[in-house]
Each structure stands twice: as C-alpha cells, then as structure tokens.
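Common to both upcoming complexes is chain A, partnered first by chain B, then by chain C.
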Partner chain A sequence: MSETLTVPETVILEVFRYRPEVESEPTFDSFEVPFHPEWMILDALNYIKDDLDGSLSYRWACRMGVCGSCGMLANGQPVLTCATYLESLLPGPIRIEPLEGFPVIRDLVGDIGDFMNKLSDVKAWLIRDEEKPVEDGEYLQTPSQLDDYKQYSMCINCMLCYSACPVYRLEPEFIGPAAIALAQRYNLDSRDEGAEERMDVLSQHDGIWGCTLVGECTEVCPKGVDPAGAIQRYKVSATMDYFKSLLMPRSSS
Partner chain B sequence: MKRSREPIIWVLFGGGGMASALFLPVLILVLFIALPLGWVQSAPIDDLQWLVRHPLTRLGLIVFVMLCLFHWAHRFRYTLYDGLQLSHLNEVIAVLTYGMAMVGTVVGAYLIWGVG
Partner chain C sequence: MNPGYRLYYPRWYRKRVPIFWWLHKRSYAVFIARELTSVFVVYAAAVVVALVLTLNKGEPAWEAAMSRLSHPLVITAHVLVLFVILFHTITWLNLAPMAIVVKLGDRKVPPTAVLIGHYGAWFACSVVVAWLLLWR
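For the complex of A and B:
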C-alpha cells in the first residue's frame, strides 16, 4: 500500500523566530525533520525542540484538539498544529508562523491578553439575577434547550478565528468572533439571565456591528462553532431590541 | 451605555439584499430580455398601464429602489472603509454613500410617480 506512494524521508519546516534579546526583527529558521505520515505539525515542532534547537518557544498542551493552545499559521492558514497532518502540507517547505493579530512575545508565542480581556468584557459565564440555594437542586434543562447553545459551547478559545478575521486585524477594538460566539453561548442558555448586561457591550460599534460577515472565522474554526452565524443571529436580536426600545421606550430601561 | 444606531442601516441593508436578490434578476430577465426577444407574450398594454399606475405598485417600486440603493450604500461604505482602509474618513464616507442612496431614492420616486 504505502510502497506505491512516494513518501519523502524528510520535510523542511521554515519556522518564524523572534528572540527579543538577540534580534530586533523576526527571522525564519529552516529545520529538516523526519517525515512520518502519522505526524502532525506539532510532532515536527516537538522534534525540533527535543533534538535540533531547544530554544524554540511555542504553546501546546493536550495535543488532541481540545486545549486550544497550539494554534499557528501553517503556510499562512490558521490551524491547530496538533490536528493538521504534515502530509497535508507536502512537499514543503512548510512555513510556520505565530497567529496573526497578536503581538509576538517570542518565536511562535503571541500575547493573548486582549482576547482574555474581551472574554470578560462580554461576561462569558452564567449570570443569574438570584442564585437558588444548593438544597433546591440543579437547574434542569431539556435536550432541546441544550441544543440551543451546544454548538457555541464547543469553542476552545484557540483564537484561529481572530487570526483569520480581517476586521480584527484592522480594528483591534472589535470584540471579535469567539468572544461574541461565547456571549451567544450564554445568551441562548436557558439557565442564563445576563443577556441584557451583555447587550450593552455587544450592541456597540466595536461589538457585533464591526463584523462585515467576511465569514473566515467560520471557515477556520476547528470545532464547527460557526462564529459568523452567531454574530448574524445576534445582529437580528439586537435589531429587534433596538426597534422595540424605539417603539416602547418605557418598557426597557 | 449608548447603543449603536447601526440597526436602522442594517435593516435597510438586509432588506435591500433580500429584495434585490429575489426580484432584481426576475425583473431584468422578464422586462429586459424575455419581452424584447419575444420569448414571452406581453400582457395587454392597458393592463400593464393600469398596474404601473396603481399607487400600491408605485409605492412598492419606490420602496424596492430605496432598499436596493441602501444595500449598495452600506456595502460600498464598508468596501471603502475596510477594503481601502479609509476608516479615518468614516463620517465623510457614511454621509456620501447614504446621502447618494437618499438622493437616488428621491430621484427614483420622482421618476416612478411620473410614469404612465
């Protein structure tokens, strides 16, 4: 089977390097790594770090597509390096760069502080007007209530969508795809009562209205979250809310 | 916190996208291709004139023209704003694009009301 295919012995990785203590401008280092059909890009990076250059810096943890920390650009495409076969990028050289839109701290590691702040700006957690006492038991939910938000809860905060979003790269104030999708995840949760609070942030220009529906976020999402769809759905709710408050100014504060 | 007034524009944009996608190809096909080429038989001219002169038809056409123009304006505004990276001219661009849509709507209304 595999004998009939021409499998290369090695593949070249051109890796983005930035070591602020030795260089003022980023450079690229080429590494020749062994090729295995079962290797992901992350396996090749780990090979570089273990055997070729221990100083290479990058984030990773679970190597199974759930922690969301190993997002990088492979030949310009935002991908999870733990879920992208080397084979899919043959014959190489394969260019590995940090995600776009995040200031580079070192090598492939970007500063994600902006995204973390946005997650708290949109209050991406369950909000209750009043918590019921523990003795009263769980907040029950039907399977169809779960389905309302389940898709958005699949987000792993890998930030590929931010890297792919042209609006975010032009206007870093834009709240961006994942944070809006996660806000929707809680808005659509039957246990949540925080939609009104989130609306104040989301209905700003830098919230949903910054989105021009390019749709790249949904293209690159490794978990099928469809942030672009979440944003468009939210535009509909925000618009209804806006006209409702125009027609009935006293009913909403 | 002050909420964006964007919903008004977005409704016009969305409505225009929907209306132009649904009706424009049909109108162009029927009025400008099928009828002149004789693919379909025209209804009696009296019936057509009655239809065009009916106030509801005129109103519908004016709304249709307005929606199409606002759809164009919004799209073109963001083409300039993001595409050409002219975000510092945001206000000028908005006034020009939506202004042109408004002027176009008035001109369209004038023409449609004068037909027949």
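For the complex of A and C:
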C-alpha cells in the first residue's frame, strides 16, 4: 500500500424542503448518509428516501445522464445529480436545492411547464414545405451535414442552462438557452425547411435578443451543447438576413 | 400546518432574485464588469465626436479643448479609460469564434483562425489610425 486516503464514513446533506401543506417558506433538513466513493448525489438522495425520510420528493429516471430529470443545485451549482460524485463535493455538508428559475412545487421538484411550452413555441422538430413520398427513399445527409447540427442535438432538456441563466431568472419571458439551441439544431439540419417560421418567434426581444451572453449556460451544460454559441450564431444570421432584406428587398428569402 | 394551504390547489414557492445576484458567482461578476465597460466605450466615442465638432468651431475653440485634454488629471483618467476599453475589446474579440462559424466547402474553419482574423483586423485598423495621427 503506497498511500491511504482519508475517506469519511458519512457525509451530511442539507436538503431543501418545501411542503406547501405544512410550511409557507422552505427550510433545510440535514441528513447523514453513508459515504461511498462510487456514489453519486442521486444515490445519496435515494438512500434518504429509502431509509431516512420517505416523504422527500425529487425527480429522477435513467441514472445515466440521458433523461435530464435529476438536475438540481449542489452547493449552488446546477448539476445532474446522477452524474456528480459525492466525492467531488467533500467534505460537506453538501447543500441540495431545486433548480433556480422554476417555481417549486414540492421539495426538489420544480414546475417545468414553462420550458415545455417554449420548446413547442420554437417548433423544435423537422419542418418541410413538402414531404416527399415514401417511395422516393430517405433524406440523405453527408457526414459533414450531420456534423453541422449534431452538437445541438445532444441536448437532453435537463434545464441546467435555464437555472444558470440570470436573464431567464429576471425575465421569465425569455425563450432561454436550450429551446434556442434546439431551434438552431433544426435550422442547421439540411433536411429542415422551417428556419423562417422559427425566426418569427426567435427574432423577438424575448428570443435571441434577450440573451446578454453571460455564457453560464454553456459552462453548466452536461452534454457540451454550447447553447450560448447557438444563440450568438443565431444573432449573426438574423442580422445578416436583416441586411440582406434591406439591400435586396425583392429577393425571395 | 400552513393555514394558507388548500387541498388540490398548488402553492408554488418562487424564489426572489436578489438585486446583487451578480455578486454570488465570479462568472456573473465578470460578466457585469464587461457590460459596465461599455459605458467607457460610449464615453470615448463621445470625446471623439465632441473633438470633431470642435474642429468646426475654429482654432481658438480647438486650442481650448486641447489644453483641457492635456491637464494631468484628464490624461490620468484617459489612460485608465484606455485600459478599461482594452479589457472590453479583448473580452469581446475572444467571444467572436463562438458567434462566427465559417465553413469552407465541407471543412470548418478552426476557431483560432477566426480569432486571429479578428485580432489581425483590429491591428490593421490601429496601424491605419496611428499612421493618420502620428506620421502624416
């Protein structure tokens, strides 16, 4: 044995509690959970729910960083709790809170309805003027065309970027990082023809121009989507379109 | 028990955003600093515009403006403004590759090339201005 690390036996989690039937203001409950180096924050929360307090409410599903359900604040930083080791936040106490920017329904569960509506507002799906008949085969794409949007398609809708975005917290009308990145994902897809439709929603003040480029969305994204970059690229193309229409008012696009 | 609670009626808790939210994280503070430096960019632009307008008012007005600008306090202040504007320009240019993604055929132009292009253009403009002011 070369070196023995001092591994604590337990770690304290300070968990945000809000039980609307009991209290009008949230409180924090402290829980002592066993420390295992392979445990994620979510494992500790599951331990609390199973063994210490069954009334704790939070969302989770896949445990492997693809469903986007378990986003929370750990010591103030938005993270996927299934992908953040307890060990990375030692010695503790570790403070667990719901994502900021969303009204809290109960404990660590936020109301994400606003984001869901925005996702459909920006038409984050393939739009075609005319579908070609099935007999004509697939819509083919080169690796380079795939590369144009692939990064943005990695978004798992975990909303960590909304939680990190001060603009969204101050002005909830702002469409926000993930929805704009996903709109851009379809705009940059060679099979899509809906860029103009989306521009109507996104070129508003509450759309791309609401972004002041704090850049924290990109910092916290667990999937490397770079929503801040997507929004700035969108600003550039919207500006180019504007000047094009000014210089060539008769061109069709 | 919470007396305001009624069964089946949701009672959301909404956290208020504090006025000094931008002091809570270093990256937010840097962002606000960058935003505030735009005030100094506006100031510098206003000084240049004012000087151009003074040119139109004849030589005595111009001489008066020049003597005001050469006051040691004004010079010190303007040196500070220069550094603030440099901070603004550099942080701004560093963000350029994020917004500008250029494709030549099938290949993406690397972000460093976009960055070098921007700094190159800045340098070229500065050389032209310096040539106009100092050597002509």
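General observations
Throughout what follows, the second predicted complex is superposed on the first by the 247 of 253 C-alpha atoms of A that agree within 3 Å, B and C clash if a C-alpha of one lies under 4 Å from a C-alpha of the other, contacts with A are read in each partner's own complex, and residues count from 1 in each chain.
Just so we're on the same page, a residue touches a chain if its C-beta (ideal position, glycine included) is under 8 Å from a C-beta of that chain, and two chains touch if they have at least 3 such contacts.
Just so you know, these numbers come straight off a predicted model, no measurement behind them.
When the two complexes are overlaid on their common chain A, residue A:170 makes contact with chain B and with chain C alike.
Judged by the touch definition given at the top, the superposed model places A:62 against neither chain B nor chain C. Shared-chain residue A:104: touches chain C; no touch with chain B. When both complexes are overlaid on chain A, the residue A:235 reaches chain B and chain C alike. In the superposition on chain A, A:243 contacts chain B only, with no contact to chain C.
Once the two complexes are laid over each other on the shared chain, residue contacts for A:116 go to neither chain B nor chain C.
Of the two partner chains placed by the overlay, only chain B lies in contact with A:203; chain C stays clear of it.
Residues 166, 170, 212, 235 of chain A lie in contact with chain B in one complex and with chain C in the other. Against chain C, in their complex, chain A makes its touches with residues 18, 20-26, 76, 100, 103-105, 111, 142, 144, 147-148, 166, 169-170, 212-216, 219, 226, 228-229, 232-233, 235-236.
Looking at the complex, you find that chain A touches chain B at residues 166-167, 170-171, 199-201, 203-205, 207, 209, 212, 235, 238-239, 242-243.
Contact residues of chain C toward chain A in the complex are 1-2, 4-5, 7, 10-15, 17, 21-22, 24-25, 27-28, 31, 35, 95, 98-101, 103, 106-108. Here chain B touches chain A in the complex through residues 1, 3-4, 6-8, 10-11, 78, 82, 85, 87, going by the rule given at the top.
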